[in-house]
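Okay, got some structures for you below.
Presented sequentially are two complexes of chain A, the first with chain B as partner and the second with chain C.
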Partner chain A sequence: MKIERRTFLQGFVGGSVALGLGYSGLRFFEIAPASASATLKENLFRTGHNTNCDGACGHLVHVVGEKVTFIEGASWGPNIDGQHLQNFKSRICLRGLSQMQNTYSPDRIKYPYRRVGPRGSGKFERITWDEATTLIAENFNNIQTKHGKESVWIAPYTGALSLLEGVIGASFRFASVIGASAGDFEGDNEGDSAGPAAFNYVLYDPNAPSNAGGLLDGHEYTDLINAKVIFLWANNIAETSIPDWRTVCDARNNGAKVVSIDPRYTPTAAGADLWVPIRPGTDTALINGMMNWIIQNKRYNAAYLLRYSVAPFLVHPKTKKFLKPKDINQGGGDKYLVFDEHDRRVKVFDDPGLVKPALLGSYQAGPFVAATAMQILANTLSKFTPELTSKITDVSPEKVEQLARLYVENSPAAIKCGFGLSHWHRGDLTHQALLTMATLGGNIGIQGGGVTIMSGALLSTAFSGLPNFWNPDGKKWVPLQPMDACDAMLQGKPHPVRAAWFMIDNYAQQMSDRNKVLKALNSLDFLVVSDYVLSATAELADVVLPACTYLEKSDLLGSFNFYLQYMPKVIEPLWESKSDLDAFGMVAKKMGVGQYFQKTPDDYIKEILAIGDPKAPDSVRGLTWEKLTSGAFRLNLPAPYVPFADKKFATKSGRIEFYVESLIPYEQEICDYKEPVEASPNNPLYKKYPLVFLSTHTRFRTHSQYANLPWLKEINNGGEGFLEINPVDASSRALETGDVVRIFNDRGEMKVRARLTEAIKPGVVNCYQGGWVTKQVKHYIEGHPNNLTHQIANPAQSIVPNFPSNAAYYDCLVQVEKVKA
Partner chain B sequence: MTKRLGIAIDQNRCIGCWTCSVACKSINNEPLGIHWNRVLTSKPNENAPTRDPSSRAIDVPSGEFPNLQLAFQPTSCQHCANAPCEKVCPVGATFRRDDGAILVDFERCIGCRYCIAACPYGARSFTWEKGQYAHEFQVGYGQDYRSGARLVFTPERPVGVAEKCTFCVERVDAGKEPMCVEACPAGARIFGDLEDPRSELSIAIQQQSGRQLLAELGTEPNVFYLPVARPNKMRP
Partner chain C sequence: MNMNHETGTAIAETLAFRQSFYDLLRRIFLWEISPELFAELVEAAKGERQQLESECSYEDVLQNSLSQVSEEILQETYRELGIEYTRLFVGPRHLPAPPYESVYRSPQKLMMQDVTMEVRSFYARNGFHVTRLNQEPDDTFGLELEFMCALSGASVKAYLENDLAELARLVSAQNDFCRLHLSQWVPQFCADIVASTGSEIWKSIAKATSGFLERDAADLKRLANEFPVTGSPQDSVQPCDVARSGGMQ
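Let's look at the complex of A and B:
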């Protein structure tokens, strides 16, 4: 016999007042029935979590019957060739643990839909997959005929990082075979590309074919254990890459000093030995101040600079390019020139008679007086005295010197950057400065050193079949980045875009300058969105397709660490959801290119990894399908992985080019500081909008994914967004915790409640990004942080084809005022 | 020799990520609003106020910008050797195993909630009505577990019983670690035998002067906190 207590109370007692003592005997009616699941067999699957937190955690998924009932961290195997080089700990965080809630979420899109009301009205009618894919094929065909092939944009894919259905995946293949435009290589160009761009200024020549338009490489996170000092630069690693924090602690136990540079007192800052609350956006000036101290006090690594960098190369005083013999004599060669202090003569850099190349100084070279690149760096940075640096950055002069000492007196020194550093108009310049400082310290290509944005270089070392997968029969997509897409939609520049297909990408709220984005999306003739939840973007779509979560399809996760994680289909797709690969196949067939989507996911993975091909790269030598699907094996690489360990740099000179010739037109050949484009007191707007507006990440979601999961909401203010503001800024606005505030600038506004905290620098406010703004779910009272941000791209980045434009989310000014609740 | 199960939580490593709490919630199928293990915000090496709602305002440090302090204190049943909850239970539902785990026999508990009033750590929860869950099906361990003959775990606790951390005895008895220990991404939890002076746990407590919460009450918790100690700490 079973009686619902609620029924009992309603019937016999009534009201909640009676919820006191005396009814507890009721429980005897309520003993739970013996668990049905106890009799069902439990199956275990190992998979990789392909979300874009970049964690690439391995998940051990428990399945009972047809249901996923538990997820925990999975184990990691040795290298493919059997060598066991490191103990890679099982890793998972609160987001990963909550994934079954995501898969079974009531917010899931269950069926294909067609819009029936006005765009954004949320009125849809259910249709079949056949009807949906016919609609897509017909509309794409019509629009391509009328406006050109590239007027269909196969949009980013930033929410997933797996191989087939993720930022480097099948969407590019589909775009190629229909001739469409596509964007966001590696998902970076919505705000994460400034750092990668700088790597391609300094460490790669982005125009060399072997660099494929721009690369990015980082130290395996386990290498932090080898550092003597760790600079967590704008990197709230303890919230955003939680499992990596373990290694930071291990390194700290080994005596490494941990520095957090951040305008906010984050859990990372609290866990660091030194917190530096910098004025946001002025990091380049701080780095320059540190470098100036290092140079003035001759604490740089001269041998390293001479051997591995362009430091000794002479620079043409007029063209500012590296001076070559041909500039001096007609018919002279094209080699770099240096000055030999031994016999005080100018020689080519590889002259066998070269004894002692000069690091600093200016020298007569033919008709010119030419300085070394190092001298130009020293000259440029000489103005960054501790005092000036302090004035710009709000970091005290003593602290500037202390940071410089920490960096050069502890070797190796690791710098780990958060993407917060990329969320600035001149984020590329900041990373250029960091790489320059790392060169001064002799820290690039060194165990425990380096500048790392994220771990992982699989693209270049394992996926040898990827170019053919992307470009079958030589067919190529037309690149169009997210930062350029709105102008393509609204103004037809650089070419018209009249239709778009988004996959697990919430462009309508996660892209900067949201009001512009909404205008652009609403101007489209046809919009398709595949997603697993009804996102703000899906709400605007003409056709909505129900996508799978990572548990419902086969794929491969091979990014952001050095392991290959096969992702088996753990459960059958729920409701009518389908993998995007299946969706592409249906649409491709109806567009006459079905032959490119006939294989199974497993077959594509085999091709891309060149399994069974004797010409497969060394990194995957010995890989078989049985091995790939039986655990997570590491590429055949030394551990921990250290990029540039061989000190070979794929630049024009083969050296570290902290002096960047191709940036001369942008007056950025040296990392001289420039003020933020908007968030600067020099900006006239500052009078009207005196607060720097950050929209940072929280541990409770990954961008907008998981923002509505009950387990994560209940420990995160019920899911309700808030504005962090320092009591100093609050008191001048008569604000108290809980007051509703309007945050606004010329581009838009949003409303949330204020939370007063000392953990944020005065003059800076923060509202965690990624809360939802759909018809059904609102995590902010009104609007979204991206109503306030802008799309002003830094033209310097355009020299790197893969990372040409960056959304500067944090380079943003606002005003805050109290409003009625 | 009898074991005495214990956990040390290293507050040097803990970053308040709540992974332990969500792992606990998941393996034990805890209803919404109930956390057997919750993460409180505290000053380093001070007890977090367990009943002050402000301690749930995570990441809010003490002090004034830029001289701030912040530490996190994951808090669940302390499995006290001198457990007030065990003493006040009028029906012997709360009991201690030989290995020190304090458990609730769900078939014996009468829901009087004396234990909830007695626990100085706020570690116990009580369901007044049928729990609301995030899933439509049971997640986690998924079966009843009996220690001796006593029902110490069941996926959906009946209405009107006290529930709390079980030390994951169903896992421990199978040779595994409690879920919070296994899941901690920072490696901040050490599980082991307090009676074994050579265990990693005993050594860590010994060397780092592990601290017990509200030790002055004489509850003798088997959960220890390794203090925040930063030899390299520099002023901001």
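Let's look at the complex of A and C:
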């Protein structure tokens, strides 16, 4: 054996590097008894996928040798008390199936990092958790001392939607104990809050901030089977919430008619009995047109209106508020007044002598001629003839009547809204109109009826210990919504924000008016981002923390159905990733409030669910820790869950208030149609920017999560975004499929390839949102849909403290032009 | 075993050199290189050049690049190498050269795949497991190097103690690990480093690494012939399905 070794290392290695070490000096190995091979046993874990998706899917995770090998749908148990009330099927979608790729992606953030180059340069150095948390604690302390406690903004949002991590839990506890500001807990409020605001106007007391405003308090999806007709309003459920589409299909097989109201011919529209391609943003006018037909033809449910709504209440002709005895006589009472047709006298609504309250009409009441709320509704809507409605909405007069008939001639009638309806400046008004129409049809609080945005009221029915968890020792965070955060960062309004901590929240790309957002984030003194991938937001951070995926931490799924899904730690956190709870604990300790983060996740879950507490709510009575961790049990509620089944409403009157007193200053007490703030043909801007720009969701990701997973990209144009445009609009711009186009308005621009399709209305274009725009991953050729959107909030919503603002992503006009090669 | 003195010296040199080089490489790829060790390396590289011979070119490449580092830029160069190490192998951005065997060899290019478990079993058969089991993937390049460093160190010891049965076992294990794992992905991994870094030193480290491993594969083959395992062939390991289906060969 001839060895020729002449090397500079020869002298070197003999010196510094010890020879013949044997097994000593190993840093990353331990000596273990030699074994032929480890026994590989398969273990099964039941968990829930805590992403921001109303699937709330149960996952059965197969683990072989500590490694996840397969994910499938998990089964569902009976109610906690043992009653088996429904057969909830086990199905998951392509996003759930792909979660192994998410957890085991080599692109995971593996360690804590500190930025070393200019912000956004992408230059980081690895640091320890101890160094990272010291940096955070020091910076937060300094900034809070200098600019006030609330100048640190904690922003969890919906990347994780579980009880402890993400949008519901521990981040608010952390914000409370350090006195920081934080966004509202119910939703990202970025574009989801218009619907809940309207629920607050009509069905709740807007000033009772603990309600979830209908965001989660919808009908259990299994209740769709009881509907005779289902209106999927701006809801592409077959694509965005695939496991729930099954229920719509079951209902259809059961004889229900399915209507899809959408400017795009979506997979949902393709599966519906009737597709109504409406002009985007004019839904309120269509609902008004339907209601006018219903009223004119007296097809409303009069008994329901009289019994459960404010319809018969008289309205003061001057103040427009409900007329009260005190308005007529000095010293009169504060009760609502109605007109009794029996003896033609005005009486208080609960007068025992009241025989036949008038639903319609105007009546002399003292010095006033006062109309009933129903009459005011009828008057207001009378202009919405099928013809006018058609002119506004692009829906033919015949179809307006057909839709009205479908709604009132099929009882019960269910309306399931998509968030497409919320992404408008006046999305609250549209939901207010839907709730008004549902009242006319007698559809609120009945099986198979209602207006549902999402379902799964765990927050209000099961998590009784949550207020104490959020506010230990009565400490409270300062509310600051995402829609208001940019102004806080840039202008110090309503208070300065100089530091922020985002948790799996991609604000830098998912918030509307991205150029403003980037400016705001870049103005911060200190930015922390916890995530498991380097998102556009993480890329800007001063400190990046490695977050766990849902398989690596113990938690409880937050909401979206009525089952309690415990999430066991299925595998150890990879590399140095940690749960938010652990990260908060480390920082809290260094900020002197470590005592609030000393318990285990399981202990917090026990407290929040009041396990073992004799005062636990009925919905969780009988729940033990063993039960919680042995399957997915349903709350002790009738199935399917129907909100307002007892017809009790937390409004001032205790009735459905389709006439909303507190909206009088905004001239929105009745759901009269108002034009979109931007995307209207009557807007002078329309001449310059004649296309309505939608940025809808796809089945291939949840917002921006999973957008870069290979399995999902493989079946999605390689991940590359495109612009859907009707051939009519394309031909006037000499566009063909594959051409690169520039989409622009005064706020910004983006570039993608065009895809011609007749599945979108002329005058409307669409680019799927959620693609990535990081330094390394670009799913659009240039820019992002949110370069074009704005942050103009409807001031009417400010009457609801929980849902004061809403991002109107779709209320947006653009022009499209071909980019010359 | 029939060995003359000269061959014996050459074998001892080979065994010692391999161990040292694996030790150096594992320090580099686990970034356990201290500023002092780096300074010593640079100093050594500035020593007398030997005649170039193609067989040794990988070391010359490394020597060349290291010898360019002057006293004035020593500290700055060390700092930049650390930052580049983070960019190439650690993150948080997309890794141009992910230092994980399974990313190169599994069909989905993911972490913690079957091949990771095969590496784990391989360690276990040789009496090891990694300290951060199930958190740091077993098939991280630095860990594979440390494993080879351990076995090569034990080989030196066995040779010096004239425990030839143990030596044969160790050589066979290293030969198998090299054949079934390192050689299956490291050439492509090193090519990815060369293609994606602007740092001459990192380029030269990558070239030296793949050059060394290529040569070590040949050395191990020769050593395995020299010191055959006697007795039953139960230790002979066949390439697995994953190895055959991997795309990085």
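Just so it is clear, the second predicted complex is superposed on the first by the 767 of 821 C-alpha atoms of A that agree within 3 Å, B and C clash if a C-alpha of one lies under 4 Å from a C-alpha of the other, contacts with A are read in each partner's own complex, and residues count from 1 in each chain.
Everything that follows uses one rule, which is that contacts are C-beta pairs under 8 Å (C-beta built on N, C-alpha and C of every residue); 3 or more make two chains touch, one makes a residue touch a chain.
Here the structure is a predicted model, which means the values were calculated and not measured.
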Open item on the list: So in the superposed three-chain picture, is A:89 touching just chain B, just chain C, both, or none of them (first/second/both/neither)?
Closed with: first
TODO: Scan A:710 for contacts with chain B and chain C and give back first, second, both or neither.
DONE: both
- [ ] Using the touch definition from the top, say if A:67 reaches chain B (first), chain C (second), both or neither.
- [x] both
Task: Touching partner for A:563 - first (chain B), second (chain C), both, neither - done: neither
- [ ] Applying the touch criterion given at the start, work out whether A:575 contacts chain B, chain C, both or neither, answering first, second, both or neither.
- [x] second
- [ ] Identify the partner contact of A:174: answer first if only chain B is touched, second if only chain C is, both if each is, neither if none is.
- [x] neither
Task: Which of chain B and chain C A:101 touches, first, second, both or neither - done: both
- [ ] Applying the touch criterion given at the start, work out whether A:140 contacts chain B, chain C, both or neither, answering first, second, both or neither.
- [x] neither
TODO: Answer with first, second, both or neither: which of chain B and chain C does A:402 touch in the superposed model?
DONE: first
Open item on the list: By the touch definition above, which chain A residues appear in both interfaces, chain B in one complex and chain C in the other?
Closed with: 4-6, 19, 21, 23, 25-27, 30-32, 34-35, 37-38, 67, 100-101, 104, 710-711
- [ ] Would you pull the chain C residues touching chain A in the complex into a rising list?
- [x] 7, 10-11, 13-14, 16-17, 19-21, 23-24, 30, 32, 37, 40-41, 44-45, 47, 49-51, 53, 55-56, 59, 63, 82-83, 86-87, 90-95, 98, 100, 103, 108-113, 116-117, 120-121, 123-137, 142-143, 146-147, 149-150, 153-154, 156-157, 160, 222, 226
Task: chain B to chain A touching residues, read off their complex - done: 12-13, 15-19, 21-23, 25-27, 32-33, 35, 39, 57-61, 63-66, 68-72, 107, 109-113, 128-130, 134-144, 154-161, 179, 182-183, 185-188, 230, 232-234, 236
Open item on the list: Show me the residue ranges of chain A that touch chain B in the complex, using the header's touch definition.
Closed with: 4-6, 19, 21, 23-27, 30-32, 34-35, 37-38, 42, 64, 67, 69-73, 89-94, 97-98, 100-101, 104, 238-239, 242-243, 245-246, 249-250, 252, 255, 257-258, 265-268, 270-271, 273-277, 402, 699, 709-712, 714-715, 726, 728, 755, 757-762
Task: Residues of chain A defined as touching chain C within the complex - done: 1-23, 25-38, 40, 65-68, 100-101, 104-111, 113, 116, 122-126, 534, 538-539, 544, 546, 571-576, 710-711, 775-777
